[in-house]
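Heads up, the next two complexes both have chain A, just with different partners, chain B and then chain C.
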Partner chain A sequence: MLSLISYLRTAIPTYAMPVALLIVIGLFGALAPVFLTPANFTAIIYQMSITGIMAVCMTFVIMTGGIDLSVGPVLATSGLVVFFLLHIAHFPLFPAVVLGILTGAVTGAISGLVIALFSLPAMIVTLGMLSIVRGSALLAGGPDLHLVREQPGFEFIGNGFLFGIPFAIWIFVAVSLLLIFIQKRTTFGLQVAAVGDNERAAYLSGRRVKLVKMMTYVICGMGAALAGIIQSSQVHTAAATYGEFGTELDVIAAVVLGGASLLGGKGSVARTILGVLFLAVLNNGFNILNVPIDYQLIIKGGIIVIALSLTEWANSKVA
Partner chain B sequence: MSNKKERAEQEGRRDFLKGVVLGSAALGSGLVTPGLVIGESGKAMAAQDERVKMAFVQIQPHTVSSAWSVGLEEVLSTQQTIDYQQLDGQNKVEVQVSLMDTLINEGAKVIFLQPIDSVALGPSIKKARRRGIAVITLNIDASEEHAAHVEMNHYYGAMDIAKEMGKRMGGKGKVAILNAPPGIIIRDQRTNGFVDGMKKYYPDIQIAADQVADWSRKKAQDVLSNILTAQPDITGVYGVNDSMALGGVDVCKQKGILDKMVIFGNDGETAALESIERGELTGTQFTDVYQQGRFAAAAASVFVSGGVTAKEFKQQGKLLMPYVIATSETVGSIQPAQRW
Partner chain C sequence: MSKQILLEGRKLSKTFGRFVALQETDFAIHAGEVHGLCGSNGAGKSTLIKILTGAHRPTGGEVHVNGTLAPAGSPLAMLELGVACIYQHSNLIPALTVLDNVFLGRPPKTKLGFIDATEQRRKAEALLEKYNIDLDLDAQVSTLATVKQKEVEILKALALDAQVILMDEPTAWLSHSEVRKLHDTIARLRALGVGLVYISHVLDEVFQVCDAVTVMRDGAVVWNGSIDEITRPELVDRMVGNDLGEASRSVAAEPRHPKGTGEILLSARDLGMTNTFEDISFDLYKGEILCLTGLIGSKRTELLHSIFGSAKFSAGTLDVLGRSVRYSSPSEAIAAGIGFVPEDRLRDGLLLDHSVSDNLIFAALDKVSRWGFWNNRAVRELTERQIRDLNVKPADGSKIVKRLSGGNQQKVLLGKWLEIEPKILFLDEPTVGVDVGAKAEIYAILRKLRAQGTAILLVSSDMEEVMAIADRIAVMVSGRMTMTCAADDITQEELVLQISGGNK
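Now for the complex of A and B:
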């Protein structure tokens, strides 16, 4: 009996999410066979690409024991920046997009710098940043919707197809692969895990802890900015009010569902993708089955709580 | 001799200090109560041109609330005696409650309110009424009785949308509703009006799906795409606001089925009107929200100048805004100055 429990404890963190995903896919497939079509799977990946990019980029932040609550306003701001650069400053597409992403990098760098230098709680600093960025975006763009007109290149980012697959999916795949590579094959990836696991030990062993922490926020900011550009392209508008309250919670939920610990140390980009996929599959299935919103909220909340409880139980030490 | 001189100097200093103290007191009273002037008898009396404070507490920055504020300010600024300000509730009930408290304590005469939560703002509204402050809600009614409510005609407008939509669908077919999250009264009014309208005018049309898309164009794209995967025979889409309806347009364009679809929104924002003019969105309920702000401001100005306080209302007043069901045939009648 004890050996079964300890086997489950070792197996759950590795297999719980893929198994749960397969069960949910099987259930939805049985209830609505159309769910299992390749076109629907493509739609699911397309629909998760924005949250997915933000989630894979936030994984490093959470692995260091931090959090970034400012992703929503950063998403809105980058869309606005690109809109202004294209429509008002008449920049070509490529530099406009690069500068839009840099906006996110700068925001992330400021948050990261303050958190790392002054050892302040990430939640408080990024909450403040959320307010500052939203306020700045509103100052620049007002509450109005800014229609993106006659920008075929920009439209292509969110709505175009490459080899029959939406371009947004290609971007998501590219960002994910890059981050998986960084995590698995670079010293930075190792340092992120080391800082999250034991910051003092990492510092005493000569790691540049502050720089590593700051860089995780830069990556997170860039991810949110890229997501904002894709979203603006998909909805043909930019607005300071996009990335409304709740955006950051969806992203954090996906990362945590992927097995990352909010206390730091644990996490994986690849598993975060599973977390995002899990939430996207649920949303897609609920829409296909036309499940009323009250049931959706109960089921989704229940699944998240069960999944997290199981993972925590499995990760806790055997008494 | 020297004693006399010292005494005279001391008296001089004392007179000077007395003058400073009295002068400061006089100045201070003027600073503390600038609206009061000293009369001939030395008593304070109210200034003839007393300023009146009014404020609009919005949910959060948005195109609709900002257009209301433009309309409000336009009328209130002409009255010459009204100080108006727009305040942001930051999409948080507690912020709106705190703003209400501040305005009540500051002695505002009228508060225009777009409540986040129809019930949670009740105690603040009650407190305002006890102090005689008129609360005028915009679009979202509150459960607590107050001076007046000025709203877009959600229920009857949605009924008219159903009527127009059913006509264009030939009286049969399936419709998907892209809905708002629960918890806000206009969601129910706009949904119930639409559903009741369909039952009344075109009972053969089936509401085949009703899914939440969070007022968002992006979310609406995802939700409608999923719905159409399961039910490709849906030919009608009703977005409870224009953003969601435009998300529906995006999906149908991408799937190449836009010409077979009848898509209606609600609100009448500029992007929706332009989409109708391009022949994409079928229609929307247009309300001149600048005018809505002006109407609310007009009511407030009359209350205040007529000396009517909130305590004197027998029951809550209500004003439903006129509207146009904007379609390709009617959208041209909406003037550029009315668009928001």
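Now for the complex of A and C:
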């Protein structure tokens, strides 16, 4: 019995999420057969691509022991920036999108710089950034929706299909693969985890800890900006109010469900994708089953807390 | 003097994995007695103290207070039984007043549950009078001199009705006149029947204030008795051990190389850091081991960090490999060929949640990557080479470092720095908490490096270690370098004297 418990403990961090995912899929499939159709799976992945891109890009930030609460307003801002560039400045599509993503890089760089240089808590700095970016977006864009018209290239980003699969999914897959590559195949990947594990040891080993930290926020900002462009394209509008309160919490929940520790050190881009998938499956299944939104929220919150408690329990005893 | 036993440890043992920190140790403190506890670092003193205060649960044996069995491993229970400990580092809250600190956490309360300020003050004043301590109860702790802060801690212990007070290196941060004041206070406590344990490396102090003394070595008591029954050289002998450990014996046989090849690789002149150290001048030669020794708090670690770029010196000049330098970060020092095995391997050295391999490559990423992309074969080869050369056990590069023994962790940390192929290597207490076998292996590696022409600057408080592997020895006392000489020109007894600042 004891050995079974200790075996479960060691197994939880690795297998709990995939197993839970299979159980939930099985459950929804049994209750509503339509859930198991390929079309529905495509829909799930399409729905998760925006949160997914933000989550994989936030994984590094959380692995360093940081957090970025400003992704919602950054998402809104990049949509606005691209709208202005396309409609008012009449930029071609490609540079407009690149500059839109760059907005995210800049806001991320500012947060990262302040956090790294002055050793301030990321929670506070990005909370401030959340307010500053939202305010700036409202200042520039006002409270109105801005319709994006007659921009077939732009509309393709969020609504087009490539080889029968939505283009947004391709983007999500490409970003995920890129980040998995960075994590597994570059020294930067190790340095990110090392900063979260023991920042002082990393510094004393000659690593440029502040630069590494700052770069993670740049990546996170770029992810949020890209997500903003996709969302803008999907709904044909840009607005300063997009990425409302709660966006960042979904993203963080996904990363943490993927096994990343908010204390830093642990985390994996690939597992973050599992976390996003898990939340997306829950949303989709609840909607198919017509579960009212209030119950959805309560059940989702409960599952997140239980999942994290289990992981904590497993980690604390094995360590 | 009453001879009632206040606190007694019976056959106390403590093991950490396979490492035996304490074996079957008996220890007793009588009322009205100041009991000295002596031994080198790693002798088991702090383990014993931690068991007596309940911070550690012993693997075997019992703790008795006033003749009754005390619950094991409960700091709160030991406090309630009247056993208090004053640690080297202050446990006070600097922003609060003396009075608030003394009753912190357990103030006298009124019937409504609020803090009873009048009663609090009355109690404190009674204690001050009884023990003849001079303290301003309303002063903010941060404004007090260090010795006064120690007295606040003593008062805090007395407010808990402490019968036994353990003091761990209480004078490490005190000046000479302050030490005398503290000793006066201790004498008054003793006269009123408190039992005190006095841990100190400074033998002068032990002979000044202690009535009895217990000497520990390698986790066991090797001598105890009245202070009148032992002379100072005998005490040193007992601390050090007549038979040097296996590790140092093999090493001690080797010839020394003072000043190595004669080529100076690092030269410090009048280095100073405000309020920390001053006027530090020394040369480090190619192919020598220079041991920098001294007491805890003599600022040796701070000196190393200031050279390495992880802290800044505020005065003086530093030449490394013939160039005047002042590193603003460790990465610059590393680029110049300096490696640094820091003192606290858990806090400053290792990525505990990472693998042996990740740790080994971490200071030399350029060697195993190109344009930031891993060269997996180079990573594997480096890992295998270091594991083989350092005899890391288990020989598995994917093993998480946290799960290794202290000795193996230290080897991994050393291996990380060997990979930058340092021309100059700093090591800060590299064998603390390392078992004898691993110690011998680490010494062998250092000797090999020396033979290859590395200049080694080793900080150590372990006299046995210093005498065994040093080519030259430098001593720091309270932020000053008071002596530098060839290791053959000094005996261990003279060295112990030098370290405690006694120039007799």
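The definition used in the following text is that the second predicted complex is superposed on the first by the 316 of 319 C-alpha atoms of A that agree within 3 Å, B and C clash if a C-alpha of one lies under 4 Å from a C-alpha of the other, contacts with A are read in each partner's own complex, and residues count from 1 in each chain.
Keep this in mind: contacts are C-beta pairs under 8 Å (C-beta built on N, C-alpha and C of every residue); 3 or more make two chains touch, one makes a residue touch a chain.
This is a predicted model, so every value here is computed, not measured.
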Just from the overlay, do chain B and chain C fit on chain A, or is there a clash? fit
According to the stated criteria, A:183 is in contact with first (chain B), second (chain C), both, or neither; which is it? neither
Tell me the contact category for A:197 with respect to chain B and chain C: first, second, both or neither. second
Just chain B (first), just chain C (second), both, or neither: which does A:311 touch? neither
Please indicate which partner A:103 is in contact with in the superposed arrangement: first for chain B, second for chain C, both, or neither. neither
Please indicate which partner A:233 is in contact with in the superposed arrangement: first for chain B, second for chain C, both, or neither. neither
Is A:266 touching anything from chain B or chain C once the two structures are fitted on A? First, second, both or neither. second
Comparing chain C with chain B, which touches more residues belonging to chain A? B
Is A:247 touching the first partner chain B, the second partner chain C, both, or neither of them? neither
By how many Å are the closest C-alpha atoms of chain B and chain C apart after the superposition? 31
Under the stated contact criterion, what part of chain A meets chain B in this complex? 32, 34-35, 37, 39-40, 43, 47, 50, 138, 142-145, 147, 159, 231, 234-237, 240-241, 244-245, 283-284, 286-290, 292-294, 296
If we count contacts the way the header does, which residues on chain B are in touch with chain A in the complex? 60-63, 65-66, 91, 179, 181-182, 208-212, 214, 216-218, 221-223, 225-227, 229-230, 246-247, 250, 254, 269-271, 274
In their complex, what parts of chain C are in touch with chain A? 308, 310, 329-331, 333-335, 340, 342, 347-354, 358, 362-363, 365, 369, 372-374, 402, 416
Okay, in this complex, where on chain A does chain C touch? 185-188, 190-191, 193-194, 197-198, 200-208, 265-266, 319
